[in-house]
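Chain nomenclature is as follows: A, B, C and D, assigned in order of appearance, with residue numbering initiated at 1 for each chain independently.
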Amino acid sequence: MSLVETSIQTSETPLGRDDLARMVARDIAPGSFVNLGIGQPTLVSNYLKPEQNITLHTENGMLGMGPVATGDQIDGDLINAGKIAVTELPGASYFHHADSFAIMRGGHLDICVLGAFQVSATGDLANWHTGAPDAIPAVGGAMDLATGAKDVFVMMTLLTREGASKIVEACTYPLTGLGCVTRVYTDKAVFLTGPDGVRVRETFGCTLEELQALVPVPLTAAPAVER
Amino acid sequence: MSLVETSIQTSETPLGRDDLARMVARDIAPGSFVNLGIGQPTLVSNYLKPEQNITLHTENGMLGMGPVATGDQIDGDLINAGKIAVTELPGASYFHHADSFAIMRGGHLDICVLGAFQVSATGDLANWHTGAPDAIPAVGGAMDLATGAKDVFVMMTLLTREGASKIVEACTYPLTGLGCVTRVYTDKAVFLTGPDGVRVRETFGCTLEELQALVPVPLTAAPAVER
Amino acid sequence: MLNFVDTVGEAVAAVKDGSTVMIGGFGNAGQPFELIDALLESGATDLTVVNNNAGQGDQGLALLIKEGRVRKMICSFPRQSDSWHFDAKYKAGQIELELVPQGNLAERIRAAGAGIGGFFTPTGYGTMLAEGKETRIIDGRGQVFETPIHADVALIKALKADGVGNLIYRKTARNFGPIMAAAAKHTVVQVSEIVPTGSLDPENIVTPGIYVNSIVRIDSSGAAAAGTAEQVA
Amino acid sequence: MLNFVDTVGEAVAAVKDGSTVMIGGFGNAGQPFELIDALLESGATDLTVVNNNAGQGDQGLALLIKEGRVRKMICSFPRQSDSWHFDAKYKAGQIELELVPQGNLAERIRAAGAGIGGFFTPTGYGTMLAEGKETRIIDGRGQVFETPIHADVALIKALKADGVGNLIYRKTARNFGPIMAAAAKHTVVQVSEIVPTGSLDPENIVTPGIYVNSIVRIDSSGAAAAGTAEQVA
């Protein structure tokens, strides 16, 4: 197997969560409608710039969500999907749950950013259930977001605490959606996933060869145009 | 065949359109939500009394429709399903077409009143298409009303111009809905239709025997409790 | 037929043993806390409850579950840091769980109100939540057949009602209220204010009064506030 | 991406030969007359048009049909006292008609916007409009399988837009506008007024800007009014 280009290392060290969030924010096209999942993806909102003109959707019934509320801004009737008090920006709108999920399921969101346990080489996503027999399953809106958004970005560490790759040939955890992930942002690299296999856009603190040693699926350098 | 009770003639003469509309209006239970079809059923609104507290629905997106607009009241943005300018009563609401038909199709209207070409002994309705091969078909909301309302009342003359009964064993015109009609108001009698066959609530200007001679399905007098 | 009632007890009297009850709210926003408390008080049991979650902490729905009144939960996210009463009942095998992706939950409730017999959706296709369900490929996408969720009674919270039962909501507290109101045979609403008919703009009504059966006003202290409806209706 | 355009010609440029075009309105209420006139002017042909009716008199959609631009109509009520252009084309076999019960039309348009692959409805069961369609009995009722209606472009009319494309409508002119906006890949709206972002109450937005692509203001004389969007957006 030839990895071809190895000049795609763009950082001397792995990226921290905030650096990764900043990168995701930078990569979102101006004017996009975006849903940020609970947890690490929420950090992205800290790095969106006003001139990007991004509109945030929250599945509990709002477009035009603003930053987390503080002090007197806190209003129990204005929360995000993580049940955190948030604020409303000019141009916001409210709607009921079926209308809100119609926005997601009808393919109207440009991007959703989600956390994950595993992503497969063909973009299958596992992010809702460990599959442990005694675990209480809870899915929320994960399957709707994974299935409905035009692009699904995943943010996660590349390796589990035990050192196993979360990019896998086939997910062993219960699936959230099939072939839905288009891009995976990790501390060690950005991966583009899809029917053509896994391409690496850039690496952080490792070469493509070193990355390949960690990931059990064939990697290729993405063509320059996709970087 | 025994017709049993013949003492159900309540008028010496057949009823005119306005008398019939007055009777339908009187029969609508207080507090009902009602849709009045285009044509003869629209007359019913002239005889609804304020104390009945009836709310009228129009399928083009409104509850709380008031009387036909006159003079300065006429507003091109406020029309009924017959495209006639109407008015708005206190407590009215507007909604889009899918929400409006959800009211009808979800079984939330108590009564709709429709015209008909034919009604079968089991309550099948034919009211949208003559079936003539060169006719341009047009259905509008007829099938949704027939299928969705809790009770479907039909208003029509009993006989065609050629003297044929419009209450039939089985409809020969294309159907609007199966087994949906619960009551038929005609100039000569009020019929209750359903799985038990056709029962006659009252007759106008004829006896039950005379009515039976006109109608090709077995008639029985409705039990007093249903009159 | 619409009724304005004076107490939350009267409001929830429509819930019987064995009823399916939809309860509005997402997190605390839009949760009809006072109606849930009245339901607990009423003693109704063997309930199927439809809610996005399965109760939190030691209040409301969590207490209904703790007291063994809930036979089955239909929800999207039962597991929360403080959902200990549900967790205990579930692990003990004393409560049934139908886990539904949140968008399917919303769309299935909407389908019930709109008279839809069932629908195909890509959500959940190829996952364990579609196991045993009918599937088909439509326009190249795998889709799952989902059925409407009807209820006997819905308990929801709105901001204001007028004299004919039209409702408006507040911010993200709207969430499941409008679709549950349409999906239930009998809809009970707690509101902060009852205003005269005609004072809400017809353009801005979110739930038309046709979907509402009982209204009770809860004042800001949480107590049912009697005697207002007649004056304004 | 949202654009405020100065002319109705720019607004309808998204319609290409062969496009499926949804046109809002029920009777004259909510009909985007100026956009339809611009579509006629554009010369786009071989269109599939989705509208409740099939044109009236000698204006708008009726003229599009008369000029042979419409290959197929999807509508519920083509036959009207003054639908002579449709009538003539239909009797000459020069236009295809898909006749859809009005509630199915609305629900199929809504399904397209909401990502539903198809649904079962009792409407039309046992009638000639269900011939050839899949049916099944659900909860004892015969039901018919209906599929979503997608469109390339929607042309609709609203009362006001703000700078991010949020729309409000007026009275029964709302009708098909909100569901068509969601069902089309590209939604074009003519409005009477463009107002500053933030001046519409978020509780009262009927169509969120996510569904809107092009907005043109038509002043009360019917002419496109240029140069307002930048000042307020």
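Criterion: a contact is a pair of C-beta atoms (placed from the backbone, for glycine too) under 8 Å apart; a residue touches a chain by one contact, two chains touch by 3 or more.
Computed from a predicted model, the values in this text were never measured in an experiment.
Taking the mean Cα position of each chain as its centre, A sits at the greatest distance from chain B.
Work out the mean CA point of chain B and of chain D, and you get 31 Å between them. Between the Cα centres of chain B and chain C there is a gap of 35 Å. Of all residues in chain C, those that touch two or more other chains are 107, 114-116, 121-122, 169-171, 202-203. The multi-chain contact residues of chain B, meaning those touching 2 or more other chains, are 62, 88, 94-95, 98, 101-102, 104-105, 148. All chain pairs that count as touching, in label order, are A-C, A-D, B-C, B-D, C-D. Note for the complex: chain C touches chain B at residues 1-2, 112-116, 162-164, 166, 182, 197-198, 202-203, 205, 208-211.
Residues 107, 111, 114-122, 136, 138-139, 141, 143, 147, 168-171, 201-204 of chain D are the ones touching chain C in the complex. Residues of chain C touching chain A in their complex: 26-30, 76-80, 83, 86-87, 90-91, 97, 99-107, 109-110, 121-129, 142, 169-179, 206.
Contact residues of chain B toward chain D in the complex are 58-62, 75-79, 83, 88, 94-98, 100-102, 104-105, 129, 134-144, 147-148, 174-178. Chain A contributes residues 31, 33, 55, 57, 62-64, 88, 90-95, 98, 101-109, 148 to its touches with chain D in the complex.
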